[in-house]
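Take this structure, written in C-alpha cells, and hold onto it; I'll ask about it next.
Here the chain labels run A, B, C, D, E and F in written order, and each chain numbers its own residues starting at 1.
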Amino acid sequence: MEYGLLVMGAPYTSPAPHSALRFAHTLLAQGHHLSGVFFYHEGVHNASSLMAPPQDELNLHDAWIELHRAHNIPLDVCIAAALRRGLASEAEALRHGKASFNIDAPFELTGLGQLLTLQQRCDRFITFA
Amino acid sequence: MLHILTKALNSDAAHQMQQAVGEEDIVVLTEEGVQAALKTHWEGWQAYQSRIYLLAEDVAAWGLNTAVTANGLPTVDMNGFVTLTEHHPQIVTWY
Amino acid sequence: MAESNSLLVIIRHAPYGSNLLREGVDTALVAAAFGQPVDLLFLGQGAMALLKEQGSGAPGQKASLPTIDMLEMYDIEHLWTTEESLAAIGVPTSMLRNDVQFLKAKAMPGFLQQYAQILNF
Amino acid sequence: MAESNSLLVIIRHAPYGSNLLREGVDTALVAAAFGQPVDLLFLGQGAMALLKEQGSGAPGQKASLPTIDMLEMYDIEHLWTTEESLAAIGVPTSMLRNDVQFLKAKAMPGFLQQYAQILNF
Amino acid sequence: MLHILTKALNSDAAHQMQQAVGEEDIVVLTEEGVQAALKTHWEGWQAYQSRIYLLAEDVAAWGLNTAVTANGLPTVDMNGFVTLTEHHPQIVTWY
Amino acid sequence: MEYGLLVMGAPYTSPAPHSALRFAHTLLAQGHHLSGVFFYHEGVHNASSLMAPPQDELNLHDAWIELHRAHNIPLDVCIAAALRRGLASEAEALRHGKASFNIDAPFELTGLGQLLTLQQRCDRFITFA
C-alpha cells in the first residue's frame, strides 16, 4: 500500500518524530511504499541541519536523511510554518536577508498544497503528533 | 476507522476521541496513551473490548510491562500496528 | 459531503494557546482553493475560536477572527461544533457566531465517516 | 531545608512526553553541583518517572532512570510525591522506587513555603 | 506566594495549582487560564475570593470581556500584575 | 526591585514569550530593574536569527533585541537545550562541524548555572511557560 506521514511534533520535545520514524521503517520492511513525509507545526524543527544532540542520543535530522537515502522518500517541510519558526533554505534565507540557513536537501520547503496532494495520493495517511 | 491516542486518559484528546469512536472502530494507545495500562477501570477497556490495543514498544519504554501482564491487557507491536492500518482507510490521531 | 475527496479539518486547540488553530484553518483554506470540499469541526478548546467577541487577538499576536472570516470567502460554509464541547468550556450558544452548526457528540462517529479524509489539529 | 537558598524543583510532566523531566532534573543536578540544597517534588504525570520498572527508555530516546539515579550521586536525597498524584495516574506505591517520600496534597502549601526558590517543570 | 495559571481549568496544571495554593496566596489567571471567566461555578472563585485575578489584556484577547463584566469577576492589568509580584517573593507558574 | 525572567515557550506556538515581553516592558516602565532573561526548554527558539514571520506579525527575536538595546538586558540561552534543538552560535557551529549558525549577540549561549545565579541574585523570578 501507499502510505503518507504527517509529523507535527518537535524533536527532543515530543515523542512523535520517534514514533513516525519507527512506523516508517516498519511499513517499508513489510513491503509497503512510503510516498512522503510532510513536516508541519512544530514538526518543521526535524529538518534543522544545525541540530546537535548529545552523542548518546539519536540525531533525528540525520535519521530522516538516512530514511531518505535508503528508500528515496521525499521529505517536505511546510514553508510558512518553517519560516516563522526560524527554519530557512539557502534561497529563502537570501530572500529574507538572512546570512545563513539551516534547511538543506533532501528536506524541501513547500506549500500546504503538497500536504493535501500527499494525503489524496496515498491509501493511508497517518498523523504523528 | 482507526483512532490513535498519544495522550493520557484525563486529557482533552482522550475525551474527544471517546466521543468519536464508532462501533466498528479500532483504538491504538501510543506514547503517553499507554498509561491507560494503569487504569483498568477506564470505561474504554469495556467499551472497545477486542478492538483496543496498547503499543508494546511504548509500554516497555514507559515501564509498564508488569502492569500490562498483570492486568492481561491487549498489546500490538509496531508490525501489528502497521497491519491494523492496512485494514482501515481512515486513521485519526488524537494528541 | 459524499464526494470521494471531501476533507474534514478538526480544530481542537484554543486560539493563541498554540498556532494549531491557525495552521488548521490555513490547511482548510488551501484545500478549498484547490477545489476540495472541506468542512470544519471545532471540538473542546477549539470552540473558543467561534466566540463572536473574539477579535482583538492576544497582545502582539494576530487576531483569529479575520482568519475564521476568511473561511467564508473560500466558500467553506460549514463550521460545526458539538453541544458537549460548548458545555465543557462553559460557552452559551448566545456568545457564538451565527454561522455555527451543532452536532450531538453521540452523532460524531457517523459524522466523521462521511468524510474521505480527516486532519486533526 | 530552612537554608536561605534552598531550591525545590517540581516535575509535572511525564518522561518521554516532553523533555521537561530531563530539563528539570538537569537543573536540580547543576544546583546541587553549585552546593545549593535541592529537593524534587513529582506531581501528576511527573510521578511516572518514579516507577521502578522505568528503564528501557522510549525507542530511540534516552532512558530516564539513569537520570533519576544521578540525583543520588549528587546527594539529592529527597524525592517527594503526593498520594493524590499516584492515585490520579493509577500507580500503586509497590511500583515505585524505594527512595520516594510521600506528602499529602493538603500539606502542599506549607511544604512549598519551606523553600527559598521553586522552579516548576 | 503568588501562583500564575496559564492553562485551562480542566488541565493537570490547574488541578496541581489548586492543591498548592495556601490561605494567604494570590492567584493570577493568564493566557488560556482566563477561560475561567466562563466557569463561574469553579470552586476557585469561592476558595480564593478577593485574592484571585484575571489578566485583563488576556481576557480581551480571548474575547471574554463581556463574560467578565456580566459575571463581575476581578481583573488586574499588566501594571497591576507587576505590582502583585512586588508583594510576593515566591512566584510559581503552573503551565 | 531586581527581576529575572525564565522563558520556556517557543514563539508562534506558545503565548508565553509575548506575555514575558509585555511583563518585562511593564516592570521597566514602573522603575524596576531587569537583571536578565533566561531561555530554556522550547524558549530557546526565541533566539533564532533565522526567524521570519509574516510582516503583519511581531518578530519575537527582534523584539527581544530591542528590549536588550533599550535597557541593556542580558539574554541568556541554555546551551544544552539550544544545541539539541538546532540553535548554535558561530563558535558552537564550528565546534560541531556545522556550516552556518543562527544565534548571535546579544543572545548568549550559557550553562544552567547562569539560570540559578540569576534566580538567586533577583528579588523576583518569574517563569513564562
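Basically, a residue touches a chain if its C-beta (ideal position, glycine included) is under 8 Å from a C-beta of that chain, and two chains touch if they have at least 3 such contacts.
In this text the structure is predicted, and so the values were computed from the model without any measurement.
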Dominant chain pairing [most C-beta pairs in contact]: A-F
Same or different contact residues where chain F meets its copy chain A, judged by the half mark: same
Longest centre-to-centre distance from chain F, chain (CA-based): B
From chain A, the most remote chain by mean C-alpha position: E
Inter-chain centre distance, chain B versus chain C - centres from mean C-alpha coordinates, in Å: 26
Distance from chain D to chain A - Cα centre to Cα centre, in angstrom: 33
Approximate Å spacing (C-alpha centroids) for the pair chain B, chain E: 35
Contacts with 2+ other chains: residues of chain D: 16-17, 19, 45, 58-59, 61, 88, 117, 120
For chain E, residues that touch 2 or more chains besides their own: 10, 12, 31, 57-58, 92-93, 95
Multi-partner residues of chain F (each touching 2 or more other chains): 12-13, 15, 22, 41, 57, 80, 125, 127, 129
Chain C contact footprint on chain B (complex, rising order): 1, 12-13, 15-16, 19-23, 25, 90, 92-95
Contact footprint of chain F on chain D as seen in their complex: 5, 7, 19-20, 23, 26-27, 30-31, 34, 36, 117, 119-121
Sites on chain A touched by chain C in the complex: 6, 40-41, 80-81, 111-113, 115-116, 119-120, 125, 127, 129
Residue numbers on chain F that touch chain A, as the complex places them: 10-13, 41-42, 45, 48-54, 57, 61, 80, 83-88, 92-93, 96, 98-102
Residues of chain D defined as touching chain A within the complex: 16-19, 58-62
